[in-house]
Every structure is written in structure tokens, then in C-alpha cells.
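Listed next: structures, encoded as C-alpha cells.
Presented sequentially are two complexes of chain A, the first with chain B as partner and the second with chain C.
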Partner chain A sequence: MNRKVLLIGLGICLPVLLVLGFGFRHDPQIVESPLIGQPAPSFRLADLDGNIVDLEELRGTPVVINFWATYCVPCWVEHPLLMEGARRWQGDIHFLGVIFQDDPNLIAQFNAENGTWGPSLIDEGGRVAIAYGVYGPPETFFIDRDGTIVDKAIGAVTPEQLLDVANRLLASPAEATG
Partner chain B sequence: MRRATGIPAAAVVLLGAPAFWPASGATPGILAALPPTAAALAQSQDAGPGVDQPPAEGEYRPGLGVEASRELGDPQGEPLSGEELDRAVSLVAADIRCPKCQALSIADSGASSAQAMRAEARSLLASGYTRDQVVRYFEQRYGEFVLLEPRARGLNLIVWTAPAATVLAGGLLVARRLRRRRSADEGLDAYLRQVKRDDGDDGDNGETAT
Partner chain C sequence: MTSALGQGFVLLGLIAAGFGTAFGYIAGVRRSAAGLRLTRRLALLFAVAMVGACAVMWYALLSHDFSVSYVAQVGSLATPLHITIFSLWSSLEGSILFWGLILGLYIAAAAIFQRRGHEDYLAYTLATLLGIGAFFTFLIASVADPFAPTPPPVPVDGPGPNPLLQNHLLMAVHPPMLYLGYVGMSVPFAMAVAALLRGQLGATWLRPMRRWLLVPTSFLTAGIMLGGWWSYEVLGWGGYWAWDPVENASFLPWLTGIAALHSGVVQQRRGTLKAWTVILIMITFLLTILGTFLTRSGVVNSVHSFTQSPIGPVFLGFLALCAAAVVVLLALRIDTLVSEPSNERLVSREGAFLLNNLLFVSLMFTVLVGTIYPIVAESLRGVKVSVGEPYFNRMAVPLFAGLLMLMGVGPALPWGGSDPKLVRRALLRPLPAAAVGLALALLFGGRSAPVLIVSAFAGFALWVTADQGLRPVRARRRREGGKGPLASLLVAPDRLGAYVVHFGVVVTFVAIAVSSTFQREAEATLRAGETLRLGGYEMTFRGAELVQEPHLDRHQAEVEVSSNGRSRGVLYPSLNIYPNQREPIGTPAVRTTAGHDLYLTLMNVGGDGSIGLRAIRTPLVAWIWIGVVIMVAGTALCLIPTAAERRAAAADTVPDLAPSPAGGGR
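Up next is the complex of A and B:
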């Protein structure tokens, strides 16, 4: 009888422990993007000055797209890093900011106070954020010369992350297109 | 009152400054002292590919945003409108998880992300995309996590089969217990009958004996 109770107890506890063991090794906030390795959704957006940026036309140069907002503290933290990145790889990598559910006036004010690392694009209706499956700012997508999303950062980008992906983006040549 | 947008030094202290942060005076104020970046970028953007000149005031510039149709292909249904569209939006919205909420559908959430997704669903359904196409569109962007009801495949099968398996196992356990109890009761009844019979016999004898 005792052995039976022990077996039943193990039968119940082991699967629960396995599920917990698997769950605790994963950050529930991080959901793998199904877009990695897929073509980046094309968009045409206006920046704060009304200039239109068409992602299609940037093909041939790696692009870093950062979804951000002024109410997002990690966005403040990564701001100087993106500034430095945009300066370091100027002309080699395009840095684009997409405003995530924020007031363009506040973005303009923030940029005036802290500087900018790229155009701040107005995503009316949040359709571009939906097309990129953005859960919340900041999220950064790294797009290679062929327009394929090669990586994604959730939360503030770290210098190691930026350096690593930028080197990969710059090292990969564009695929020859027919 | 004006809302401050600058980076508070407290936040930097709390969250730590990135390694690229300028060494001299790691405060937000130093960012404004790096004009070459902004100026050079602005210059490169003006001259760079993919950047048009600003529109004239009041000029309508269509085609901004993203073309979901490029990701979805051709619509496979009929364009919906009116109450039919409202119903279809409600059905789709009930199946899609709000990405910023805890286990809430975009139909039930008031979050701005949920509102944007409902609007996108409405726009797609009004363009003739079917419910399946719209759900697939969200799934392709956000992953299977966005589905409130996970698909019955792979590891998800555990989620689908575990409740039924648990109920079945519980039912079997209860049935087994009941059967045991019944057989025990039957055994007890037989024993009591036997005792009664014996007692009856003895009782008769006993009564006469006493």
C-alpha cells in the first residue's frame, strides 16, 4: 500500500516538477519572434518633420528598427547606446525609430533634449508595430541587406548585443538577386 | 504642466548606464553635447535613399503604414460591413490574446495595443480577409502565444489531453473504490446473514435454554 501511494505521488509530482523546471528556465516575458529569418514587413512612415521613409528603398543596407516611447524607461537607458551606434556605423547601417503609442510632441521634445540617433517615425494606428509583433517598447529588430530580420532584442539593447549583431549585419554580403 | 521627457539621472543610477555611455560625466546632459551624431544623421537622412522631401502643408499622402495584404496574399472571403463586420470582429477579437495583458482577449481589453489590433482586424475583415486569415496574420507576427486557445499539436497536446486524462483517471479511481466497497459490503452482508442465521438457530436454542 505504501509503495502504491509513493508511486501515485511520484506520478503526480514528477510531471509537475518537470513542467516547473522547464518553466523556470525561461523568462515568461520573452516570446520568441516568429519573424526571425523572415522578410521584414515593408512600411512607409513619416518622421516628425514629414519626411517619408520607405523601408523597401533601404534594401542593400542593414537596418536597425527600434520601437520606443518616452514613457519607457529602458528606452532612456538604451538611447545613448543607439546614439553611439548610429554615429559609429553612419552610412553603413540605417537606424530607424518607430514611435510606439506615444505623443509625437513628447518625442520631439525628448529628441531636442537628448539628441537623436535616427528618424522618429509616426506609426499611426500602431499598424507597423502589429506587423512586427511588438509586445511593448523597447523592441529592436535587426534587418540585413536583403531585408531579412536576423535578430530581435527585447528590452534595452546591450552594447554586446548591438556590437555582435552589427558585426554580423556588416559581414554578410547581400544575396545576388536575379 | 509640461511632461518632462529627459532621462532622469535617478533612472540611470537605478538601471545602470550602458558601457557606451560617455565616460566624462555619465549624465543625460552629455547627450546633448554630441551634436555631430544628430547633425550627421540628419544630413545623411536628407540625402539618403528611401527618404522623400516633406509634404507641402495640407497635402494628403496616402499609402503610409504597412500593407498587410503583402503578408497575407489575396483575400479569400467577401468584404464585410455593418453588423456582420461587427460580429466578425468580435469573434476574431475573442480568440486573440492582448499582448500587454494577463490572459485577456483583445475583445475584453481596453489597452491601446488591443484597440490597435481590433482596428487592424476590422480593417482586414472589411477588405475581405477571412477569420482564419486574420487569426493567422496575428499568429505570424506574435507567435502562437497570441492565440488564447493554443493549437492542438506538439507539446500543446498536453494542455488539451491533460484535463480529460485527469478526469478519466479520477473516474477510474472512484469506480474502483466503489467496486471494492460494494464487494466488501456484499461480503459483510453475507457474513451478517450467516451470523443472523446462526444467531437465529442459536437464539431459538438460547431462548429455550434460558
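Up next is the complex of A and C:
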């Protein structure tokens, strides 16, 4: 047994393997949102029918904001889940869709074919998307009764994730000030 | 049905590989001829199973059988036929299956071509290869099963492969070349394991090993070059190498593979560096697994990375297992590989080879550290960093310059470095060539130190390469005998090939130095009829049109190019919009000449019909690819058997047939 070789070999391989193992704890594609724990940027947007939605007015009820577009495949994937969620928590959680760089006519057509889970808000110039630091669709922000962003999902929301966050949102009572 | 057939083939491969590994090691320990025969049959069976599995997948892809999950994932009715064929390796599961196919072919080739002349080692070699095969078939059968049935309802159409892979035909050849390189490194690795287990390392090991190392190294060279070329022709940023983690991943084994090739030369000539060669080969293999892991686990961010998947941890486990096996095996057996005593001076051919190895290994560590540092930083400090070009360029460029210098100095030096006077003369003679290189660089406006240094070293290296490469011709002419000069070159094709490779390296080095230093670019928003000027070119925008194809919409700009008042044709840079992608993907248009490239990218298309156009003029780009083609051609020359080997083959004499005593060295 050549101890020198053994020690040098382990000395090089072990740290590299450990580092690579640690690498699994992070997804390099995720850009952490500094907004988590912060008040949600407010907005007043019109939906496809011209009805105005004001985030401030929804205070007191948890809100799920989903930035989406018809050209994004994960958005199609999560569509049925959001439909189901909006139905299950009707009245308890507001589901809002914000159109991310897409043609409202295409969105209307998509909604007509696949159903809707909430208003599709027209974000002129992408100002709201910029305020929320959206990198690309779909991104979903979860906002509690006090208007604080408690979590964010990048890519299609999974059922487990939605259930988990929804339970957290519904569990926290509104502060007396609201 | 198709799913079951494919899974059946994979299972057959797994069984053949599993039993082959066991029987191979037993046959190796017992030196049993019957056991070796059985192992060889299992190796061939493994290859057949892999060919079968891939054939089934191709059939499923071509018949748009969306009940197979991989087809549902990458297939699409609108995708053209040839892209459907390539989509076998366009996504994670398929690429692992394709990997299995290549491994199967390599194993079959080793079983067939090393039937004679390598018997001492072959059982262990095949057992090790089949062990690797067992891992990959296990992956295909479990976490990366491309044949898994699609959960119902089976879709009637799929999204098609990643658009970047549909953009250019180079995508058809770049991944297979890299796989041929990566997977091929398994063969020298298996031979190194065999040498350690046998406790000996003689000529019947070294000669085949060098050949089996040369082949994948050459494929890697070609694969890396094709990747750079693809990136240049497709991605539209005007460059060909970005020190992206996955590019680095292919670069790492290439560096150590070349180091091993060179240390093998010393071993052949002087009988030294045996253990070192084995270590380098083993590192090379580990680096190919590391590279595959980096690409497929999603731990690094890269244009290449596949999505995160359960395959990552399994792969890391395999890497850890291989690393542990390598370290323990080396620790246990390395002392059995006794080198001949050496007492050489540093200023000798051997010294240059040693320094060469040192530089290659330093380069490898430099690149490795830069590649995994982002993961370290994120694990320890939770910050996102990316190690960019400045680090790599600052660290790697001097090392490469050192290698270029050695390529001139090394072959000029005599073996053993005995007589200082001889050494001095050998080093002084090429100096005029270095001066010519320097003068040429100055003449063409080179002022920066890297360009001047590279030019001088390149001149020196070119002279020495030509001098050494043509030496047999001059020797023959002096003796005035027999065959023509060409025949005399082919007496030792491996020697000639080596110098041809060196020549290609010089060409590529110079082209890289010049093209990265003298690049010029201009950018403008143009309306129809307006002109952008750059480096003597006038580029007039004639208009843009929207071309609709079944699987994409393409904005295509018509740009008329002229220089010196003469038309140089029309270029069509375009922006492709794929229905299921977030961002449009640009396709640059390139006008290549021997002296420089004109590279046009369409940045955007405005609603008013104007375009954003970026033009880059880069000198000598084409010579980067030409240099690599020369390298690959040189490698092919190296693979031609030498006159001595041809004679031996004709006489059908196989040296070292009888088992030699363990620990015998050579």
C-alpha cells in the first residue's frame, strides 16, 4: 500500500466530490427574489374585459399572482392546476394572472379554449413584471393577507408546492391593522 | 410494445455487462482462456443489445410513436426527418442511451481488435469496460429510462427538440464527436486498470494503449472544435469559446489525455514514467465522468446543461465510486510498475516532455478550479459568482504560450541531453524562424505582448516541426537509395503524424491569438437602404421579411455586402422564433475568406421595418478550424501501423504471448 498515493488521491478527490455534492442544494438557474418577506409592489391593471383590478383593494385575502404567456410551455402545464386551485379556494385566495409580453388576443383565445382561473391582466410596457423582477414566464408570487410576498415559484407550479403555500397563506390570520 | 422491446434490449445489455464484469475479473485472476472467450462473447452481446436499443429508439422517433416517453418529450410531427434522427441525443435520456451505444461499439472494437497481442490484459480490460457498461445500462434502465411508456393520454404531437439543436447541421456531428471522445477514454482507462491488476506494463500494453488513447483524444479535439464552430455559426455573439463550464468539462480530459499521450512517448523511448502515464489516463477517465456529471446534473449553469434530474446524484455516486476505486487501486498496485532508472537532465527531450506534462496538468487544475469555484462559493458563502473569461484568459494564456514554446524547444532537444554544445546548436538554429515570426507580427500591426510572443514561439515551433518531420526524407536523400521521399515518410507514420499534429496546433494557436486580438465590430439601427461601414466593408440593408416554416417563423434581413466598390454578395442574418420558446434565437450570417470573417447578426426587428444589425470583422478565424482539421489528419497518420508493426503482423508473430511473471515491468 502506497500511503502517499492514497493520501494525495483522497486529498484531491474528496474535496471535489464534496463540492459537487453540495452543488445539488442549489439550482443555479434560480435567481433568489429579494422580494420575499417584502411588501408586494402594488398595481392597478385592467383585465381583458376592461375591469380594473387593484392589488391594494384585495388586502385581507391571500393573493396568488402568476405571470404567464401563451408561448410558454410550463404555463400550459400549470394551467389545469391553477384552475383546480382557483376552484378549491374560491373566495379564500385570489388568483390573478398577469400577461407577460404576450398578445391579449392570443390570451383571450387561449382562455376561450382552456378556461380561466382568474382575470388576465394587461401589463402595458411590462411595468408590473419589472417591479416584481420577473425573469421569464411562468413565475408565481404568493402574497399573504397583509400584502407581504411569502414565496415565489419559478417555472410550472407543482401541486405539492401550491398546496403547501396555500395552507401557509390560509393559516396566517390578518393582523389587526388590516 | 415499442417501450417493452427497448427496455428488453437495455435489460439484456445490463445482464451481459454484469456477468461480463464478473467473468472477466475471474478469468483475469485465473488467466483462463475459456473465461476470456466467454467475456469476449458477453462484450459482443452487450454491443448488440445497445445497437438494438438504439435502433428501437430510432424507430420510435421516426414513426412518431408518442407512447414512448422520450419521443413524447423531443418528437414533433413538424420536425424535419434529419433532425428527428439527431434528436436521439438532443435530450437527457436519449443522450445516455446514445452513450450506451458508443460504449457498446468501443467494447466490441476492443474485444475484436485486441484479440491478439494484448491477451495478458484483455480479460481485465473487458471486465472494467463492461463494469462501466453495467453502470450506464443501469442508468438507462432506471432513472434515465427513455423507453418509459408515456402516461395516458398519449399526446398526438410533441414539442420537438430544443430549437438550438435544430438550428444548424453541426449539431448533428458535435455531440457524437464529443461522445466518441468521452466514451472512448474508457478503453485506455480499462487498460490502465488491467495493467495495475496485472502488475506489469510492457510493450503489449503500451502500443495498443497509445492507439486507444489517440482515437478518443482526436475525437475530443474534433468535438471541441465543432462545438466552437457551432457556437460561432449559431449563437451569434461572434466568438467560439466562452469558458462555459461544459466547454471546460470537455477540455479537462482533453488536456490530461494529451499529457498522457506525451508521457507515453517517454515511456516507449526510455521505459520511464510508467506509473505517471497510468495516473494520467485514470485522471482523464475520471474527468470524462466529471464532465458528464456537470452537463447532466444541473449543478452548473450553462447553455449546455440539461434540466435537473434524479440522474445527478446517481452520477455523482458513480464518480465517487470510480474515484475511490482508482485511488485505492493506485495505492495498492502502483509500486508494481517499476520504471527503468533514470538520470536525465532537465535540458533534454525527456525534460521537455516532463515540463509539457507539468503545464498540461497545471492547465487542467486551473480550468477545473475555475469551473467548480462557483459551486464552492455558493455552498460556502451562499453567493452566486461566475468565473468569467478574465480569470481563464489570464491563467491559461501564459500556460498555452509555454506549451507552444515547448513544442518548439522539446523536439529540437536530443534525448538524454548529453552534450551542452549539441543542445546549444539545436536551440540556436531555429532562432531565425522565430525572428521571422516576430517580424511578420510587427508588420501586420501586432503590438500587444501576447501576439508578439505567440508569433515568435510559433515561428520557432514551425521550423523545428518541419525540420523534425521531414528528417526521414533528408536521411533518405543523403543515402540516395530506394523509395521516393513520400515512402520514406511513411516508414514511421506515427512520427510524421505527430509533427503534422504539431503543425496544426501552431496554425490554430496563431489563428486564435490573431483573431482574438484584432477583432473589430460595429452596431447600428438601419432602415431599408441605409448602410453600416466596418473595416472596408459597406453593408446595405435592403429589407426584412418574415418566412414561415412548419416549425418556426424566421425574420430574415437582406444585407448587401460590398468592399472596394465591388459587390461581395448578399448575407441573410435572421432571427428565428420557435412557437414554444421564450426568446427568439438569432442565426448569424458569415462571409468567410482566407484572411478574415465578416459576421453579421440581427439584433432585433422593429415594428417600423428597421433592424438592429451588428457586424464583426475577425481575422484568420477560418484557420482555427483548418488547424484542427490538420491535427485530426495528423492523428489519423499516427494510427497507420509502422513498417515494423506491418512486418510483425505479416509474420503473425505476437510478442509477449505467454503470461509473464507478475511484477515484471518490461
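Structure notes:
The rule we apply is simple: the second predicted complex is superposed on the first by the 152 of 178 C-alpha atoms of A that agree within 3 Å, B and C clash if a C-alpha of one lies under 4 Å from a C-alpha of the other, contacts with A are read in each partner's own complex, and residues count from 1 in each chain.
By definition in this document, a residue touches a chain if its C-beta (ideal position, glycine included) is under 8 Å from a C-beta of that chain, and two chains touch if they have at least 3 such contacts.
Quantities reported herein were computed from a predicted structural model and do not represent experimental measurements.
When the shared chain is aligned, chain B and chain C each come close enough to touch A:V73. In the superposition on chain A, A:G136 contacts both chain B and chain C.
With both structures placed on the common chain, the touch criterion links A:G37 to neither chain B nor chain C.
Touched residues of chain A, counted separately for chain B and chain C, are more numerous for B.
Residues common to the contacts of chain A with chain B and with chain C across the two structures: 31, 73, 136. Residue ranges on chain A touching chain B, taken from their complex, read 31-35, 41-46, 49-58, 61, 70, 73-74, 76-81, 83-87, 90-91, 94-95, 101, 106-107, 109-110, 113-119, 123-136, 156, 158-159.
Interface of chain C with chain A (complex): residues 159, 286, 290, 293, 297-301, 308, 312-313, 316, 319-320, 323-324, 326-328, 330-332, 334-335, 368, 372, 374-376, 378-379, 384, 579-582. Remark: chain B residues 3, 5-8, 11-12, 15-22, 28, 31-32, 34-38, 40-42, 44-46, 48-55, 61, 63-68, 70-71, 99-100, 112-113, 116-117, 119-120, 138-143, 145-146 touch chain A in the complex.
Interface residues of chain A facing chain C in the complex, by the touch rule stated above, are 1-3, 5-6, 9-10, 13, 16-17, 19-29, 31, 71-73, 136-137.
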